[in-house]
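One chain, chain A, links the two complexes that follow: it is found with chain B in the first and with chain C in the second.
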Partner chain A sequence: MSKRIPLIARDLKRLYTGFLLAAAVLFAVCSVLTQFNVMTLIANGGAFWAFITEDFLPPALPKASRIPGVLSSVVVTLALAMSSTTVAAVLAFFVSLFGSEKVSPFPRLAKAVRGFATFLRNIPALVWAFILFSSLGIGTGVGFVALCVTSFAFMVRAFVETMEDVSQDCVESLQAVGASFPQRVAQAILPSCLSGFLSWFLYCVEVNIRASTIVGMVGGGGVGLTLFSYIKSFQYDVALSIILLIAAMVIVVDQITAKLRRELLK
Partner chain B sequence: MEPILKFEHVSKHYPNGVHALKDVSFEMAEGEFISVIGPSGSGKSTLLRAVNRLIPISGGTVRLDGQAVSAQRGAPLRRLRRRVGMIFQNYNLVYSLSVLQNVLHGRLGYMSGVNGVLGLYSEADKREALELLGELGLGDFAYNRASDLSGGQKQRVGIARAVMQRPRLLLCDEPIASLDPSSAKTIMDLLRDMTQKRSIACIVNLHQLDVALNYSTRIIGLSQGEIIFDGPPDRLDDATIEKIYGTSRENLMIGGSGDEQKNTADCA
Partner chain C sequence: MNAAECTAAPDRAARAKQKSPAKIPVKCRRRNRFIPAFLIGAAALAVLGLLYLDIDWLKLASRAPDVGRVFWDLAHLDFSNLDLIASALVETVSIAVLSLLYSLVLGVFFGMLAARNVFHVPALSFLTQSFFTFLRAVPTPVWVLLMLVCLGMGPEAGVAGLCVHTTAFFTKSFAQSFESIPGETLEALEVTGASRLSIFFNAVLPAALSQIVAWAGMRLETNFSECAILGMVGAGGVGFVISNSLQGYDYGTAGTAILLVFLVAYCIERIFVRVKKKFY
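Our next item is the complex of A and B:
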């Protein structure tokens, strides 16, 4: 019998096999470490199901007197996300100018700026919220700062990359003309990167709508806090309608920002 | 007469070990149209960017109108740069701005910081820019976005921007490398006419040997960072060309000369 003709290169095949084996081994090791067992999940499935059907379903409206409060808490969450992203974007723009070797007037500092942003970004918003709540106390203002820090750090990275992609050539030509750094920023970087910046800004608004709900739950106010108070008082059916409300809010905002971003990048 | 541009033993090492320029010296007088030829990686781009310090050199001195460029920083450097126009292979326009705005960028080096940042150009500058666009056949495009133009038109905007600087010297980094043959001819004709009319000295990096022979008053041949040839086009013989490109003349696509026809005849 002649040897079968392989369809892909042998080393590539070996690579795939290796990955599959590694994933299987990793799953086994992690299951042991976390004492996760599929059987327990199935065995306890009944209790979980009962909790869902009896406590959560059907969703119930909060008391009529509380409805305006719930709706205004949704507005607070949206406003928290919008305002923190806007402030963060303005700050991130100025800082990102110094984060790219190709654009910054002090190229040696660029790495430090990017490193600082990466450090801030790698601490999740929730952790920032806890740190700030324990030092500054609970409130929407502190939630604002927590969201601001993470989206600022994220946008610095995103803006630096947008700038390096788009504006290197025209920055060189304005340098040759004898333009100063602020002139290069205003006349070359800003116009050529604006649509890219706005697109990242809208993406960040999307992310922050979700994040502000969570930050709200631990004390930042808004609809997150409302949800948390219903859960704590065991009114799971009301909590479910608030969860649905949050989902609707996120979907609507996602749709709007996605459409705007498509328009921008045309 | 004081030369416009003077290279004195200029050398450049890049951090990656590449030795782009080795002891390059030459002088350039007003009215000269110099073509710099040489294979890729021979140091043509570095040579051009050493003139306005877009790339800082490692040794020697570059003098513009007698002033050492390498010693300048900040505002004095910007004052030197505004007297040197530059044209790029990729045009390097700000594509989201209008053609007129791109042309007016040539004035930024002469403006106060704030006016430049806000784009508050003087009426005289705007009038001059519009006249220049008319002269370059782009009068109807002043308010189009720069991204809407064809390659040849973009390069004409590049020329307008450089001329708006009222430069003493024009640096052209492979200005026709991305253009079709007919736009390339338009651009080269414009470069020659505009620089002659305004008595601007001009240095052009070229890959097209026939263009270099046709347009320049002087040719500099670079190979591995060294000047192999420096003289008028009619003194550039086959032996020198072979030395610059490191291969015999038959292996070069030179174009425009009689050789091409002979070659096709051979093939047939």
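Our next item is the complex of A and C:
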């Protein structure tokens, strides 16, 4: 009897088997729970295509008098994303200093700071927007605060991780010679982690460009609100051209941040 | 890393200037020149943005105490509608999982088309990639809104809308994984006369499997939080419960729903941290 040599490492095989089983079970359970069936979707394919070809295509420009308003709403979205990320980054930098046990002057508090950030982060930006809308009213300022909260929490986590990844020798040796907390930050943390921080900041800008469009949809202003109002008034062909505009905006920003990131990590 | 270089520089400078009691330069010379320019640019853009937005800070600040009041109200959890919230939450999780699984299959298919080393048709991979870049650039709620229009209310719109974005994401990341497979492997199989499809299924896909599993785990988290907010733009699920009860000043119910969303998101994150630690 010839024994077969396994072609795949045993623990990897277990991972794949487990993944496949979990996927199959979840698929069955969820399909039953939501009563979702692809077949109905495919059966309704005709209506779907009719919608796309008749209502959606071709893209139409909004009325000429509206075009400056649409463009300025794009600028509002961009400004919202950029300024909220920057404000959040500055705040997150100071808070994250207290979130790492090795850097913080109060190591006992580090866990609490991280826990707080985790709590803020796991609540989606739109939920924050709704909570804040119900207390502060609707407007761009509230969208700004909502975006700030989520990107602040995200960056606290990311910054703390960056600081812990970098070797702690510098901080320790500075501590040994009696450097104060601000000195440790300025001489050890900043030089070694700044490019990492900025790379996370750029990532956050990318995320916030999308998020500010979404927050705009529910009342934060900007291009999201414009799109939402066109969809609500059944002008799908105009909505399509605004979607194209949003896509172009996001792609351009992504290209710019990718380029900046390459420069930063040189 | 930079800091290590910094410590070497003053040493050299100190030796050169041993005789004179001048100060030892502690500044690092090899620091990236680009960073200060970047910082200034970012700050300037942020200030310009704030000026452009023209936010009425006084009004916001005057209403700030209301935030405390709302949080206080939210903290008074109201469990009377728990069955409603639970069923909405289950629906949300199921939509997230279903869209993930469907997109996984679609993502492998389109990733195969988009990867340059599978079919060797540059035009095809270029077309696929640029189309999915467009899909990825538009935020998910927009797709869900459009799906709501053409499919009507219900889980179908949620699953289909989430699938658009998730498939686009998977296509890009899977194509990257496929392309990272060494060309020698493919060439060796090509020489044996294997067809393109059998090369893909027997060499490329198995090699990328561990990365596919990792991407799927990462995406589940995102999908859940995306799915939780979808309800707010009009689709069903727990987001609808949250926005509805917030707009109806039913803060207790909203607080419970938000707390549950947070707990589920946290659990998913923890599970994947565990799995990752075990296998990587």
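The criterion applied here is as follows: the second predicted complex is superposed on the first by the 255 of 266 C-alpha atoms of A that agree within 3 Å, B and C clash if a C-alpha of one lies under 4 Å from a C-alpha of the other, contacts with A are read in each partner's own complex, and residues count from 1 in each chain.
Simple rule for what comes next: contacts are C-beta pairs under 8 Å (C-beta built on N, C-alpha and C of every residue); 3 or more make two chains touch, one makes a residue touch a chain.
Keep in mind the model is a prediction, meaning the values are calculated, not measured.
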item	value
Partner chain in contact with A:Cys170 - chain B first, chain C second, else both or neither	both
Touched partner set for A:Phe51, first chain B, second chain C, both or neither	second
First, second, both or neither for A:Ile138, with chain B first and chain C second	neither
Partner chain in contact with A:Ser180 - chain B first, chain C second, else both or neither	first
Touched partner set for A:Leu194, first chain B, second chain C, both or neither	both
Which superposed partner A:Ala60 touches (first chain B, second chain C, both, neither)	neither
Partner chain(s) touched by A:Leu91 [first = chain B, second = chain C, both, neither]	neither
Per-residue touch tally on chain A - higher for chain B or for chain C	C
First (chain B), second (chain C), both or neither touched by A:Val207	neither
Chain B/chain C common contact set on chain A	170, 187-188, 191-192, 194-195
Complex contact set, residues of chain B against chain A	52, 54, 75, 78-82, 84-86, 88, 90, 92-97, 101, 105-106, 108-111, 113, 116-119, 158, 161, 165, 171
Of all residues in chain C, those that touch chain A in their complex	1-4, 6, 28, 31-32, 34-35, 38-39, 42-43, 45-50, 52-53, 55-57, 59-60, 63-64, 66-67, 69-71, 74, 90-91, 93-95, 97-98, 101-102, 104, 133-134, 137-139, 141-142, 145-146, 149-151, 155-156, 159-160, 206, 209-210, 213, 216, 225-226, 228-229, 232-233, 239, 242-243, 246-247, 249, 258, 261-262, 265-266, 269, 279
Touch list for chain A against partner chain C, complex	8, 11-12, 15-16, 19, 23, 26-27, 29-31, 33-36, 38, 40-41, 44, 47-48, 51-52, 56, 75-76, 78-80, 82-83, 85-87, 118-119, 122-127, 130-137, 139-142, 144-145, 166-167, 170, 187-188, 191-192, 194-195, 198, 201, 210-211, 213-214, 217-218, 227-228, 231, 236, 239, 243, 246-248, 250-251, 254, 260, 263-264, 266
Touching residues on chain A, where the partner in the complex is chain B	169-170, 172-180, 182-183, 185-188, 191-192, 194-195
